[in-house]
């Protein structure tokens, strides 16, 4: 049995223009020690998926479907039981390290909070554990920094503090939602390397969420591409790049400018026509149909189910044959 | 007036810009920060320049100095041989139609209370007022150049997506038919699929309208795609500059190397 | 001392000085001859001349101002024109009623507002929230002196639980004295408490939307623990500001309320002095109330510095 | 938000509708009283003094036998006038100062804001009392005093809102387009902070009505024969053991007017707050 099984997870948001199905029928499994990347553009539902896993959806959101952690269905748990899982068995890192830390508490106290809550640590033991965590995430002079306030740290250091906090109870799963979007490229690399090393060292499973294809491609073993609230394609990283099957995934990967790309050819960037749709406007059929050059009436009629297109490789598209053909000929 | 080099658009000569930070102690002088330190830089017509660097490297400050939105602490910024900070307001305004700007935030750079027609016409209204008919024709021409329709004139910014708004911002910059467009992180707030559309548009406009860019970006791939020359900024200084090919193929400065090494790589797609 | 506090202390002193100058100018220079103002236009020339001498009006304005300020500092002061006793003594006597009244009202206001505001925020958009917010909206709209009259009608006229006004003096014991202050304090606290409850609610709601609250929940803290450890302290920063401003408003409110209940506090003294044209008293009273307000604002700043580490000097 | 007009959003907002109706009622009563009241509000009739509410005198009569309902209706004129004039004074000067401070920045901003903070150190009613003490009691002095002391609040609020607009990129775009500070202030800053100012206008209007009532209650606001709700309460209080109802109706009139304006302000804030609009 997988460590985490997500089965037909949907999230509906109450908006001024009526209910919006922001996440629709997302299913995936995560083994112990596995790293999964969820990649997609704004509004594709990737962050809401992560918050749904944590049971931390905003007030106007309702989730349906099953999230099973190590045999426990999280939907059936009461708030107290969920609290015992959050920060203990599942840790999470957020995008904005500045606003995600309480400005009024020293960072040491914020890191130790989870340890005190879940492990009942206190006093010298808590301090020792906190110092060790600070050292582990590469913060110099932990003895001094344990008393620092967030505003006294740089962006990269704050994100290290966030990592220390998420890892304090040795969770089995780490969810990182856009952990480096607010940081400079060079700092980004340090943080991603740190996350990758710690995940490996502690044997955690990782769910890394990002809009940046490069960040995802370099740091995970398996990738799920989301669009319009669904996973349109999922595969092991190497297999995905070797054989993209979904028209959106193809378009997305072709639209990224790459360093060194210009030297190879003078070709233009490929583009996907149209715009990323607003959530309440998403159609009932395939959510990508409006922007897809291959779409036909069948695509618009019903939402496509995921189909196996290779070993461990699925795509939610009824026209993958045509899509793969058109890509090969291009 | 100096005889201007026909291809020299922007000539930044030894520019330094310092800001005073809030005081930290009562009886000490407020700490100063040198956002830009003794930078010299030239942009020639037809050769777009990319300015790369991390946050706080001074690249955005430099962009504002070139736009004459800030005064340098010392040094001078020349456009077509005119010292921007020595000009009186009226001649400066006449000169402004030749250099325009595109901003980062497609949601913040358009006044939410104005219709698109008025937003796009703003530089025209401020710099070279004209008849209503000519104004409308120019606005439509500008909108169509960026792939929008004349029917969009009467809409408000909130009716458009991020990518479309960035097109509107580009249309606004284009309306005075400038030679130079200073673009400060024009695509960093856009989604990947839309970013490619805007980057292609920028390249097309360079070819079609003879626009030269001073492109500020932290994204090396974006700069490589649009620019002919690159300057790398670090700590307020330009640490390395040269043609795009040379810098990307053979970076000399340590920081440039670190920067290039840090960019996450997207594997090439098979097929 | 941090830079923040140094700046605030400078502002505090400057505001005190400014307040004294403004009050002095308003009452001595603007309306022309104070002696004439006090005695009225029909007063005989000789009486005016005597009063001018008594008020020291023969000296230049600057000298009079400096004399007045130095008197304020040393606690000695001129005699009241009507009461013929030193103003300082008069004020000290009256403060014994006004200060306890304001403090009692503030305490009541916080006592009402804190639980109601927190409860409303926690049950955001549910019926409890709607009821509390509607009630507080009405509370804000009721003029405090009308509230006072209603309280008198109900508790004094109908139920005879309280007297309709007056003050027995502290010499008659703490119990009866507090009893006389209770209705006035409730009248004052109703409006302030309603405002405070709304403010506490919105401060908590704003804080609950912060990213670090989500972080705390992601750590596994319960809603309750998150509320106590992360929300309330952070929400306290804007609330402290409002409490400070409210205390100032309460001091001003006592002027009206003391007149409703015929309490011999500084508010009533102020009004009587205005009616009697006793400008010496008015001047000292105004400056004293302003000084109290400014002092409270300074205390609020001290509280900020205690709550918010961002206002302490860095050790980096 | 598309196609969602201001009015449509307003009609969905309970505070806005209730506040709007109450405020309209206040204005309607004030206007109506110019043309018609049930009785002559100023006619003194000793035989019918202290009449309890009845068919002829719906809200009874006061110690001079005047019809309370008519007197309250006419009193609405006073409250409305005080509100309008003092708000116009406060808004005109306050908004101008705030905009100047925000556009000028640096030392000018510092000076304007320190001055505003300074006046803020005095409770408004204390300053009003002081001004009335020096200039003498009367409705005009009260109005001016209330107006002047709402200037700092308008200035502070305007400056805060304007500063938030000045850092937006569309301001930079306007500067890059060659517009000067004055033009940007009028064309971009003012329209974008208008909603904040309008909300403040309703709040200050309510406070002005309260302040006038308090000053008149103390006997240093509007003087007889100008009708005033506050003075009605002061007169009623002297007869509180005999004719308690006299102290009820003027208070209700004040509370409803203030409630209406406050609700209107709350509603306007909800409707115009883009943060809330996005969330819904």
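Going in written order, the chains are labelled A, B, C and D, and every chain counts its residues from 1.
Going forward, contacts are C-beta pairs under 8 Å (C-beta built on N, C-alpha and C of every residue); 3 or more make two chains touch, one makes a residue touch a chain.
From a predicted model like this one, the values you see are computed outputs, not experimental measurements.
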### Query
Which chain is most remote from subunit D in terms of Cα centres?
A
### Task
With contacts defined as at the top, give the pair, C-D or B-D, that has more of them.
C-D
### Query
So what's the Cα centroid distance for subunit A and subunit D, whole Å?
51
### Task
Calculate how many whole Å lie between the centre of subunit C and the centre of subunit D, each centre taken as the average of the chain's C-alpha atoms.
22
### Task
Round to the nearest whole Å and give the separation of the Cα centres of subunit B and subunit D.
47
### Message
Give the residues of subunit D touching no fewer than two other chains, as numbers and ranges.
### Response
1
### Task
Give me the residues of subunit C that touch two or more other chains.
314
### Query
What are the residue numbers in subunit B that touch two or more other chains?
none
### Task
Quick one: which bits of subunit B touch subunit D in the complex? Just the residue numbers, please.
64, 67, 69, 89, 92-93, 96, 100-101, 103-105, 108-113, 122-123, 125-127, 158-159, 169, 172
### Message
Help me check something: in the complex, which residues belonging to subunit A touch subunit C?
### Response
54, 56, 59, 79-80, 83-88, 91-92, 94, 96, 99-106, 113-114, 117-118, 148-149, 151-152, 162, 165-166, 169
### Query
In their shared complex, at which residues does subunit C touch subunit D?
11, 15, 18-19, 23, 26-27, 30-31, 137-138, 140-146, 149-150, 152-153, 157, 164, 248-249, 251-253, 255-256, 259-260, 270-271, 274, 279, 282, 286, 289-290, 293-294, 297
### Query
Residues of subunit B touching subunit A in their complex?
54-55, 161-164, 191-197, 199-200, 203, 218-222, 224-225, 244-245, 248-249, 258-271
### Query
In the complex formed with subunit A, which residues of subunit C make contact?
124, 210-212, 214-223, 225, 229-230, 233-234, 307-310, 314-316
